[in-house]
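Two complexes come next, and they have one chain in common, chain A, joined by chain B in the first and chain C in the second.
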Partner chain A sequence: MDESLELPSLTPKIPQPTDSTEGADEQSSGEEDGGPDWTKIPSGSSKFSVRPVIPKRGEKDFEPSEGSALQQHMLGQMRSAMFDALNVPRTASNKSISYAIWIPHLRRAHVTVARGTLFNGMGHSVPRPLSPGEDDSLGEEKLHKRLELLPEETLYLIERGSMFCWMEGDVPTNIGPAWEDVAGFPISVQQAYAEMIGKDDLTLEKYQIYAYLKRLGYVVTRARPPTPFYPTPAPYIPKRSMFNWLLRFWGKIFTGIYALFSRKRNWWRPLHLGGWWDKHTNYASIFSSLRFLPAGHSRPLMPHKSTQLGTTGDTTTITSPYTIFYNLYKPSTPFRKTAPPPPDFSLVVVGARKTPMPSLLELTSLFDLLPEEPLPPPRQRHPTQSKPLPVPPVPAPTTSSVQTSTLTLGFSRLSRWIYPNWFRNGDAKVQPAVRKINPFQALKFGKKNIVIAVVDAGTTNFYRFGEGAFEEWPMV
Partner chain B sequence: MPSTPRQGATKAIGRKNENSRIYAYPLPLVLEPPEPPIRWIPNALGLFGFSSFRVLNPYCKGIFDPDTKSVWITNSGDSLILWRRGFFGKGNLSRSEPSWHARQVNQRAIAGGVSTAEEITAKRRAERKQFKLDRAAALAAAAQEAEAAFAAGGSVSPTPTINIPSAATWKPSTPLVAGEADSKSPVINPDVETNDVEDIEHLQLTLPEAFFLIWALRCLGLSQSDPTAQQEMSLSDIWLSFQNIHLGPSFKSAAQLLSPPARFDNPFLINYVVYHHYRSLGWVVKGGAKFCVDYLLYRRGPVFHHAEFALVVCPVYEDPTDKKSSPFELQNTEPFSWSWLSTINRVNSQVQKTLILTYVTIPASAKYSPQILLTPSCLPEYSVREVTLRRFVPARMRD
Partner chain C sequence: MAKIALRVSNHQAFVWNIQDLEAVRAKHRICGLLIGTLPHLAQQNVFLGVPLTLMPEEAVLLVEKGFAVFIDELKAYYAPTPQELVNWASIRGEEAKRDVERREELKEDAAMSWKLSDAAIQKRKEREAKRAVAKAAAAEGGEDDALFTPTRNIAPPLESNEDSAESPTFAVTIPTESSDLSWYSPDSHTYETISAAKEAGIWSYPSNLHERAKCGVFRDLWEKGYYLGGGMRFGGDYLVYPGDPLRYHSHFVASVLDSPTSSLLPVEIVAHGRLGTGTKKSHLLCGWNDDTREVSYHSIEWSGFG
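Take a look at the complex of A and B:
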């Protein structure tokens, strides 16, 4: 069940006994607070035959009444359901278990036997020299590609019961034909925690977030490759196309000319009313002529030298805990391990007690790393109709449409400024076609989004910070 | 007879139309289309960018009250204009619209025609309380019934025979009283009562609201609270006294020119920048202390919809040395702790509002001559940025 959550495109497997118990447990974790409802989890006797039946939950009893036989009975029933569920021996099939060996000095686990669909979103191949002694006669090192796991991946698979892991050592393992020249000893979950937390920037908080998201079926990868062999999506480089450049160039020239020829603004009279030249024929024009305060993330934020955030290689600057650590892919996103697509979400992990929320500077530097997201599709009244539509390919067409819309907007503004009355009727026709999106949704969504996971001693909270753009969506 | 849903719907639509009529103007200024002697003239002029629209400026009168850091509109006609055209200010004895007088009249007449907002709220709260009592009684009865069934035959989940009221189905059990009141109301002559009650309420404007009306729209004139000063305050006086008022009681008097040097981080300036920014975008901006925030944004106004956004103003010093030398203890200049951020966000998502962090940059004072603060020409040196905040629930984002 768990695996089918992670890769829904694959044909669903018949749930295996262990998976079915885990799957049920995870469904209840969707309801965030409170413990699992143990009556949902099948007891030992029925585990091979019956899928868990979710009983209807009744009304909450707010006031425990003393001496109520009914309440005592219900409590007893729940308690025994919990014990029954916990009593089931957790088993796993020998055929579905993977094998790996943890190599401490590399901080990687070398997977010798990879089984299951979990590896579709985990592990990466690294060329390593073959173990010494084997190819000595050739005199040169031969590279051999093999599958390796990062610390969090290893720990997750061990903890999940999907992989046996050995620690590299002197003792021969003698497990089977694949393990002839492997020496080491098996490690427990506890040992794995002690060994792997703290390696390669993996804190306990980051592992907790990783494991939680993996259990929900996300593909989670590191945003910054720990080694050059680790595949990451192509970094986002802000587009500076010729077109944009020209637009900005001409914009600057026009504003310069306008500033030269226009009267100096009288700051005691920001709004001109009542003159024969006055162009206010509706409230929209009054409001827009009041919009002279600078706003928006597009204008550069000029921080003082002492508060500037660190770029790489700069020694004098402050390093921020707000760096993107994980890339997140929804279970439905087609994911190729060797060529990861741009992530669905970018994730920062911080500790709740040590770190305050990000400052504006930290947020701006995070937004600078992210591409502009297209607006979410308008909420459908009839969700059944939207089902046959394929997931729209995201970036390319939308960015161009955004560009054209800002261009037309700019043009219409310019022309409205020159001939206010001319465009009055035209506007009414054009505007609704351009703005089919609910402005509230656009305002709430923002243009760029960063997800920050806040961990407080194992309790996780996720927040989404969006780059707001109220100035682009005037209400009048 | 209780009203059917259809009747309720038509009533709601009627009220909506009525509100759209009363609150038709988004600003106190009214634009009046001209009545042309010859039809084609305005169109021809419009072609060249001219228009002959007339702007009707109500030009209201206000009194500056330094003690409450507010501006009072004592003329009830002016208060009505400022409230109805753009929802400026609040009645000092009311929740929002200055309705104290109407409430008094209603109370004396017992059953007046139109209830004020406060009366509607009080009625709703009383009904809600009754509903909770009814529900608790029904729940207790159902529990007793189940207990009895269990004791009798050991059945755990009998079908309950008692109907437990839900918020959707429960109806107040006193429609008759309301009906009587309706039939009575024409009998009472409210005019007699009205004359007895003197309207002692005034509309109070916050300083950013007042300055927006005075400076940006030029539809409000201000005089000193001192009755001997007959003259209206000059714009420059207003500008300086609105800033000085934040420096403490000794700088209350208006004309006192900047004995301490003016500062970019004056709370009035920061609040005004935020207020003006959202007003100029067409939002109706009201205070939001009730929801842990600084401002609430309404799309058309509080009578139409609930506020959509809750703003927390976070000033950001461009130069941190300005912060050290500041006499003002500005709030929210440091990032919040996660627990506080979570608190504000919870409160606001509970009431269907989206939390917005509004960052206002405070220009580095070293870059400018102090003269710039003597006029509003310093305002474009500030800048406003929004960051929207929502919880991200991974379990719900999987698609």
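Take a look at the complex of A and C:
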């Protein structure tokens, strides 16, 4: 296999992120319109001469007609093209192939020879005793850092034809040619599927999603570290800390005081027009005065005791299948293995046959773990809207404070709560620029996003759930 | 005729052998789904390679009809003896040696044909002419000229510092199937029936009424001559094709009901009708009767009046 043609796409070459998502859409919606046309892919014999191109889908007939020789011929041709393509052996040059040893009891593969850019987004280093057999005799354990692969990473590299994997075992000394890195029993791809799936929380569904995304060029890491040595991005601290408790506590006191000094809420005149502190200068403040049902995702859900998930205090729910499993990075995101940045997407993988739709509680507990995302830049659909105003998205009133630390966020919220009118005046100045953002786009995108991958006996689908903040976009 | 081997691990059936794949598809009208990466087209998702995964219904049908057997994958491997490993390595060594020789020949051929070709001759001439110009410029001795003739200081082209001189290049083959490995012995871990496989603890489908209903409906539609695929993307359990899905569109989306008298929400009828019309299919409601082991079918289609 020519490595230069098969460069893993950390540099977004073939799988442009936009292309890839379009491809996924096309596959999910247009599966029926044209199946993969196996006659159009380069067969194994020509792979050295022809640059691999991603073929297009072919046309289909409506139904087989009785005794149509042409249809029979087409079908036969297509099948044989498919089986030819499936028969291509996995070969790689000895100069570009990597080697690893699978250690069953650790459920990890130790990489002995790492080659190629695929390793930029895979593997992590783990300190292990120098030689597993002799560490006791040395008295003190000597630790030695080495590159290890998770089961899915190992399986993907083997399956891709980029890595030769050995099973740990005693090897006779007189084995084989000296130039190969011999270290155990060879593992076939078939054995790797049986051996590595089912280890370390890796189900077939999760592996399929992993391989699908890797083939598109994404960097995929585990969200929950399987061992302490596995680097993960700094976790997002949900706003349920001590500080928030204090905030709520003081907030209650202040609202009490506020209620003392203000008139009682008059249901027939909710607007309090005329008071010295009431300055209803814009629609947003009037709407929020008219609102008597609490709204927004910051309010607790108050679930019924029997339907509550896991333990109430913890941020994680162990019992739910809806837990974040993979972190996803676009090929264009600069990624450092040792210090991964916050992920571009968080991914939940579920099997369609056993998992019901996520409940509101499950979705809420997922969103609690996720940071708020800035709005996507407004689309440039109508370039005729030529106004010299600054184009970069002016974040919505609350999102502007998201970027700052949680402390200031909390403080601004607190003070906003206590002096709502004062802040509203401040907002009013920003208001004209805010209108530039299409509220429907912002609502659709949501403030928090989670991708749920559903696998049904091999068929994969991706769904995005967004937490729309309707209370922030009144339709005025 | 040997039966098709369904390699089972994690309660999931895979087909690895190409001949088995052909038999499953062409002879038994079972499609399955390819999920592996094709080694020569590794960065796309349109065409995938072995293994073929089977829906549990498909595997159950193949085994119940006696076309296939289950193999317990994890137990089928034993640790190879040193002799087996040495044999394997020597075969591999010979392959590598042959590959090295073949590459050498190819390289020599290529080099020879290049040297004799017109393009090469022309290039050589150009190079000589350039060198002569550069020499003349250097002889004139202007310091400024050094700026324009920096070619000599540039590192030699990449081709010249190949390290292939010390170690030969050859192709390493990663075995895909296990059947070539002498330490893979599936014979003693083969199960001919579903119940035997269930007893051995490697298979569990069907385990309840809904799964029985799915197997029953799948089998009934298959016996009527249809090809079946997964219907998750169309709001049903199966897609029903009149011919091989490689060439034909499906006509029905089938969803399985556990009993012919099970209740149905009106909203479901609307949703099925709507989606079916949008995708040019009609929706098939398949009611499984667990006592008589029969299926009754009802199809939903937009009538299109007015």
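Keep in mind that, in the parts below, the second predicted complex is superposed on the first by the 253 of 476 C-alpha atoms of A that agree within 3 Å, B and C clash if a C-alpha of one lies under 4 Å from a C-alpha of the other, contacts with A are read in each partner's own complex, and residues count from 1 in each chain.
As a working rule, a residue touches a chain if its C-beta (ideal position, glycine included) is under 8 Å from a C-beta of that chain, and two chains touch if they have at least 3 such contacts.
Model, not experiment: these values are computed from the prediction.
With both structures placed on the common chain, the touch criterion links A:Lys444 to chain B but leaves chain C unconnected.
Residue contacts after overlaying the shared chain place A:Met74 against chain B and chain C alike.
Once the two complexes are overlaid on the shared chain, A:Asn461 sits against chain B and chain C alike. When the two structures are aligned on the shared chain, A:Tyr210 is found in touch with neither chain B nor chain C.
In the superposition on chain A, A:Pro356 makes contact with chain B only, not with chain C. Looking at the shared chain after the overlay, A:Pro474 reaches chain B, while chain C stays out of its contact range. Once chain A of one complex is fitted onto chain A of the other, the partner contacts of A:Phe335 are absent, as it touches neither chain B nor chain C. In the superposition on chain A, A:Trp102 makes contact with neither chain B nor chain C.
Overlap of the chain B and chain C interfaces on chain A: residues 29, 32, 61-62, 74, 212, 216-217, 352, 454, 456, 461. Interface residues of chain B facing chain A in the complex, by the touch rule stated above, are 25-27, 29, 31, 43, 45-55, 57, 139, 143, 146-147, 150-151, 156-157, 215-218, 235-236, 273, 276-283, 299, 308-309, 314, 316-320, 334-339, 341-342, 345, 354, 356, 359, 361, 364, 375-377, 379-380, 382-395, 397-399. By the touch rule above, chain A contacts chain C in their complex via residues 1, 6, 8-9, 14-15, 23-24, 27-29, 31-32, 35-36, 38, 41-42, 44, 47, 52, 54-55, 57, 60-64, 71, 74-75, 78-79, 82-83, 85-95, 97, 156, 158-161, 163-164, 169, 171-172, 174-177, 179-180, 182, 185-186, 188-191, 193-195, 197-198, 203-204, 208, 211-212, 215-217, 352, 454, 456-459, 461.
Those residues of chain A lying in contact with chain B across their complex are 29-30, 32, 58-59, 61-62, 65, 68-70, 73-74, 212-213, 216-218, 265, 267-271, 273-274, 276-283, 286-288, 290-297, 299, 301-304, 306-307, 330-332, 345, 352, 355-360, 363, 418-422, 440, 443-446, 451, 454, 456, 461-471, 473-476.
The touching residues of chain C, when paired with chain A in their complex, are 7, 9-10, 12, 14, 16, 18, 21-22, 25-26, 32-47, 49-51, 53-56, 73-74, 77, 79-80, 82, 85-86, 88-90, 92-93, 96-97, 164, 167-178, 180-181, 183-184, 230, 232-234, 239, 242-251, 279.
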